[in-house]
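Two complexes follow with chain A in common, the first pairing it with chain B and the second with chain C.
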Partner chain A sequence: MMSDILTRLSAVPSRPHGATETTDETYDRQLRDLVTYLKQPGLVPSTTDPNEYLQVLSPSTHSLSFLYLLRFHIQQAQKRTKRDIPDVLQPGGILWKWAVRFLRSFDPIQIRYSIHEWRQLVEVVASAALTTSKSFLALKVTRDALEQLGLCGIFTSTHLLLVRLALLSSSYTYALPITNQLLYHFPTDADHVHHGYLSCSEHAPTTTLVTNASGISSKLTHRDHLQYFLYSAMIYMALKKWDEACHCLNAVITSPTSNAVSKIMVEAYKKWILVNLLGYGKVISCSIVVSLHDVGAWLIDLNAQIPPTSKMIAPHVMRVYQSVARPYISVAEAFEKGELQKMITEIDLGQTMWQADKNTGLVSQLFEAYDKFVIVKLGKTFSALTMADVLQRTSSTAQSPLQIEEFVASLVMSGALRANLSHTPHENGTTMLRLSLGSRSDTCRQEHIRAELIRARTALNAIAQGVTQTDQTLELSRENLQFLAKSQKWSGNSDKISSSGEAGGGGDIDEDIMGDGQ
Partner chain B sequence: MDLLQSDIAEAAYPPYATQTAAAAGGMDMEISNGNTTASTGPFVRVDDAPKFELDSYIANYTGRTRFNRLYLIGTCSTYLSVEALKAAVAEAKSGKDLSRYERAVQALAEVAPGEAEAVFDRQWADRLQKVVKSETDRLEHELRGYKNNLIKESIRMGNEDLGHHYHQTGELGSAFKAYSRMRDFCTTTSHIASMLFKVISVSIERADWLSVQSNVHRLRGLQSKPDDEQAKNAPKISAALGLAQLNSGSYLEAATSFLATEPTLGDSYNEVLSSNDVAVYGGLCALASMDRNELQRRVLDNSSFRNFLELEPHIRRAISFFCNSKFRPCLEILEAYRADYLLDIHLQRHVQTLYTRIRTKSIQQYLVPFNRVSLQSMAKIFVLETPANQSNSTDLNSAFVQELIGLIQDGTLDSRIDLEKHVLVSNQGDKRIELQEATLGSLQNYVNEAHLRLLRANVVSAGLEVRPLADDRRAKMEERGGKRSTIGNLFSRVPGMKP
Partner chain C sequence: MDLPPLSLDQLFAVLSTAPTPADLYKILSDYEEQACLISPKEVELLSAFYTIFFFSHLLTDQIEEARALTKRMPQPILQTDSVQNCLLLLRAVWQSKHASIYKILRELPWPERAQSVVQSYENHFQQKTLKEVSNSYEAIRPAAAATYLGLDPTLAQQGDQEIIQRFTACGWSWDPETQLLHPKPVVSAPPKDNGLQRELSRVMALISH
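Here is the complex of A and B:
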């Protein structure tokens, strides 16, 4: 009996990379048959010991069978104990071990055939770790599972889960491998995805998975992707990676809207102002945001003149931002103009607001950032000056030349300022700050540039791939557009787009999640 | 009587008064806007004694500009106020403009109430009022008669007489209209030219520089037959154009126009400006807007402009000092004449701007050959105060160092200050590194922007844009009715998250 089942279960091993013995078509049929077989009820007796089968099967070669068996055992345990999270599934439990082992080593190609079950497993494992307040374990498992699946640019509910776990467990760096990926694709309804790929093909673009029918993600609403980017930004903020944080926040605040502004966007805008100040010393006036046209409007009216500098933020959204985030804007103005006293007053005035918005931490960093940017700016005017002069021109936190010297030294050490300090030989002599323009050694620079170029190349490749995929999904080839324009079917097409949006509404997350999420 | 009331109302905001007020000590950089806005700021106060003799200065001018200049000097200079205002009262009394007389008497009464001229001559004023009124009526009546007879030449002359009369009595708006009406009745080009000159003269007095410019261009386009007449008009045209450009703040163009003015101008345009003025305006504009080579070539080596410069030798000296990189004498000369120029009706608003530009240019020029230059040696040239104050002129807080800091911060000077060795070091950045960094920056920007754009397209295509709450609620109700995963829900309320 058991051996029969095992033969069936291990009938379709995963194909090694580049193998050609079985064609895509056969493999596809075999996998579909296997899934149908696995889905029939009462495959294995409910009394079986979990270890019995799981020990024999390898999670990496027989991923589908392993997944279904594991799932079966979890369901059994849930039924037995009448709890969502039975003890055996909790960290240290027997099923936990198998689940973790599976999620680290499964075969992503096979899993494409039952991605819905995979997602449920990830979620149940994560919640098992959470119920025992081990959010860090949940984070690690989720991250490993997502990395193993290797989705390319697709946003799923699992991503949101991941960043939330990262914030919960305060282990920010663990989420970086996932948040550093560029996300740009969302699961859509399958009906207008035409492709000639089989799911098992190695060359199939991952976008073929991206249908709501595949169950790769729970139903998404606008809140999900907004939250994901906001949480990612918060992870970067915690790590003081202002560039990345700013980019994530940009993604939130420029999100397309139809007659409404999400509270998440407003929160993001507030943080965006602070992050700009902390990262750049000034609010960059949406310059990277400008010059993007509204794709939605463009789809609807092809003939409309697109102003090249129209902003991505709709004017009515901008008005909402500006009215709600007034205290932040005042602080930013004072910061930019270098009016320290005014900034301190504004910050004092806004105390309740910072607390309510949970931005006190960011606001308190403003003082140091202010000093930092003043000193960096001094470097543009002076090539050398004494600490007393520096103190006179900065602010706030430091009271004596000695304190400011410590601060400057920390800036120099962290690489934010290229300068060197020199003590005069006299006793109680002053310290001279020498600001150099570009003193990094040549080889060091070249290495740096090289690394940057490689990074930029990866990013560009990802973007290019995304553009191709999006063009396909949106049916935006030049010929198609010309054809459509000719046959005057634009009105019909735009109806279809807006109606597909209706289906994406709704979700499990409650309205006030933002308050908790700080 | 209506006429008179409107007249006085207009006089309350005389064009020059508003202009100088708007300038507020020559600090106003918004020169082009200063013409039309009527604000009531403080006048420029000039306490230093100017170098010129009032009598000989004013003798250079004829016509209405005499009063305007006298009045300006009287109200701005504390040193010359009584003398100038007395002359202004006398000047006004010899004319037919009642409002001017009132202004001059009022101003004099404020400065020197004891003077005999400070008392308002009511009898004379009443008489003048009556004379003006009857004259206006007479001229308008005559013009109506000419119009009935449909004789072009008579209508033109009637309008001209009326315009002249209005101009004399200070109704500049009506004068402008009357002169403009002449256009249709001009039969020869010389008529048109004389009409345009009259319009320009009124426009200059009204400080309507746009109109001056457009009429100058009309004059230029005129094909006048007799060459000598063209030759006679050309210098006046250039001077008027230069004046308009000076007042609209285009100093380089103004310099070009003044430099192109023929020396035959002589005293033919004294109702607007004298040859001395051309030298000063042209010289200062050129000094502020041209580099050393250009100055040498276009000003000092310009044989026709040399005639003007001979009238104002200190301007020529200043320019040649600048060309020879002797900045201190150059700046000293200019500083010595600052009071004079602040009392000039056209130059007043621009003195500060012109001087600042010249000074900035001097500093820039001075720094060209240096890699590093000590602040001490710079202060020796550019701090114009007495040597006693020079000892601390290289401190961080001295005015000179602050000026340098300002210039560095607004990007005029590409150098940095070394306060240890007290030198100014010119920046020699590595262009290669700058370029590399700029390229990487733009790459990153591109990736970011493309990502945002891509994301946006996909959000819209997936129907995930932010929509009004009502839609959501409905969708949610539907969702609640349907299947609901228990596990996915566990994470919806997790308290105590830390950013």
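Here is the complex of A and C:
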């Protein structure tokens, strides 16, 4: 009996990459038949030991069978114990181990046929970890599972789950492989699916396969999308990656809204002000400008061409922001104008608000950021200053020339401030801060230029790749244009074409036609 | 691939065989899941694991994530001597207190078997600082340079030849008249700018979608 079931369960192994022995049509039919078989009630006796079957099947080769069996055992355990998370499913339990092993090694092509069940498994694993206060364990598994599935820019509820787990477990770097990915699709409605692809086709774009009907995501709302970007921003803030944090917050605060402004957007706006001050010393208008601003002077011209964030926010939304985030705006104004005392007063006055908004940590970093940007600004006026001069013009944290020297040295040494330090000959002599780039040694200057050239080359390569991809997407590639030109010729000689048989010989032609449907 | 079970022997085997700090960090990252499942009563093992894992963060210059690690360590482990030392070290690194960093690394009691990773970090920090000072100072008093590199500032200020030679061996020049060292900038390839690549990819993706 068991051997019969096992034979059936292992009848459709995953296809190696590029394998051609089984056609897409045959493989698709086999997998659909397998799913039908797996959905039969009472397929496996409820008394079966989970290990009995799971040990025999490979999660990477027989992913569909493995997933259904695992789900069956989880459901049995839940029924038996009348608990959502029975002991065997808790971290370290036998079903937990099988689930983790599966989520790290499943075949993404096979799972396309049971993606709803896949998501349920991810969610139950996360729930098990959260119940035992071990959210960290769920974070890594969820990340690995998402990477294994390879969703290519599609936002799902699992993404939101992942960033929540990262924040709950204070493990930020582990979430970056997912949060760094560009998201530009929601799961599509089934009506809009391109029916030209089979689910098992390696070349099928994920966007055409991952639909709402497939169950890849629980029902997504506007709020989920905002929360994902807010949480991602918080992850970047914890890592002091201000560019990325600003990008995510921009996505939230500029989100279109017809009337009411959500609390998430207001929270994001408050953080956005603080992140701007910490990252750039002022409230900068656009994430794209911010991110590209530092990478080379050649990109600065973009600044004028991109609309500022304030113009991307509807006036009624901006009015709400400005009224509810007044204390933050006051701090930002004082910070930008270099009014230290006023900034300190505003920060003291807003203590209750910072605490309520859970922004105390960010606000506390403003003092150091203030000093840093005051010193950076000095470079616009002075080419060289003594530490006593610097101390006089800065603030807050340092009390003596020695302390300010330590602070300035840390800025210069970390690369946050482009300057040089120079001690004068006497034992108790002064330390000069040379802010002019002209004071850099030839070697440093050459090194700086070399670095800029390398960055520019990287940028050009990235643009060139993007252009090629865009050409392909828009079907502007040379090959396609040649094909179109040929097609036009053919259309004038259709008889000849049909007799030559070339029209049907086209793997290439099929691909191009498929491309139209995207 | 399943990792061998986490034990003290396995931990120190990993420590001694990992080819680079990045490898050490990667392997210990994978082991963190096992560490999460070990009873907090296994203080010796967990304390050793988190101490070495903490240093692997510092060796790969992940200061913010090292701080995050200290937030997710099991509570009983936070009270152990070596993890307490790690917290002191983290504060000193966070605040760029060079003298304190060397003092903590050299004078606090670290577990015997963790000495190698402590020493590795001292070397790493010293090399990193040497490069940073070389690129930041045009002229520097020997005492200040010695403090940055964990050498004796008093001897350096007195012009101790051995200390001066350590700097001149790095290509720095010594001016006996002004009693100043002139560092030689360290030229190195800029790190690969993944951020730029990502930003431009975003722009291009927006254009094509």
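Quick notes on this one:
Just so it is clear, the second predicted complex is superposed on the first by the 406 of 518 C-alpha atoms of A that agree within 3 Å, B and C clash if a C-alpha of one lies under 4 Å from a C-alpha of the other, contacts with A are read in each partner's own complex, and residues count from 1 in each chain.
Simple rule for what comes next: a contact is a pair of C-beta atoms (placed from the backbone, for glycine too) under 8 Å apart; a residue touches a chain by one contact, two chains touch by 3 or more.
This one's a predicted model, so the numbers in the text were calculated from it and none came from an experiment.
When the two complexes are overlaid on their common chain A, residue A:Ala11 makes contact with neither chain B nor chain C. Within the superposed three-chain model, A:Asn250 lies in touch with chain B and out of touch with chain C [touch as defined at top].
Of the two partner chains placed by the overlay, neither chain B nor chain C lies in contact with A:Ala485. Legend: residue contacts after superposition of the two complexes on their common chain; A:Asn420 is shown touching chain C, with no touch to chain B. By the touch criterion defined above, A:Leu402 lies against neither chain B nor chain C after alignment on the C-alpha atoms of chain A. Residue contacts after overlaying the shared chain place A:Ala356 against neither chain B nor chain C.
By the touch criterion stated above, A:Arg164 is placed in contact with chain B alone, chain C being left untouched. Contacts of A:Ala238 after superposition: both chain B and chain C are touched. Between chain B and chain C, more residues of chain A are touched by B. Overlap of the chain B and chain C contact sets on chain A: residues 170, 182, 184, 238, 243, 288, 291-292, 295, 434, 459, 463, 466-467, 470, 473-474. Listing the residues of chain C that touch chain A in their complex gives 29, 32-33, 36-37, 62, 64-65, 68, 71-72, 96, 129, 132-133, 135-141, 144, 157, 177-180, 184-185, 187, 189-190, 192-193, 195-209. Contacts from chain A toward chain C in the complex involve residues 91-92, 134, 136-137, 140, 153, 169-174, 180, 182, 184, 238-240, 243-244, 288, 291-292, 295, 406, 409-410, 412-414, 420-425, 427, 434, 439, 441, 443-444, 446-447, 450-451, 454-455, 458-459, 462-463, 465-467, 469-470, 473-474. Those residues of chain B lying in contact with chain A across their complex are 396, 405, 408-409, 416-421, 425, 427-430, 433, 436, 440, 443-469, 471-472, 474-476, 478-479, 484-499.
If you check the complex, the residues on chain A that touch chain B are 84, 120, 123-124, 126-127, 130, 157, 161, 164, 167-168, 170, 182-188, 218-222, 224-226, 234, 237-238, 243, 247, 250-251, 254-262, 265, 288-289, 291-292, 295-296, 299, 312, 358, 361, 379-386, 389, 392, 432, 434-435, 437-438, 445, 449, 452-453, 456, 459-460, 463, 466-467, 470, 473-474, 497-498, 500-510, 513, 516-518.
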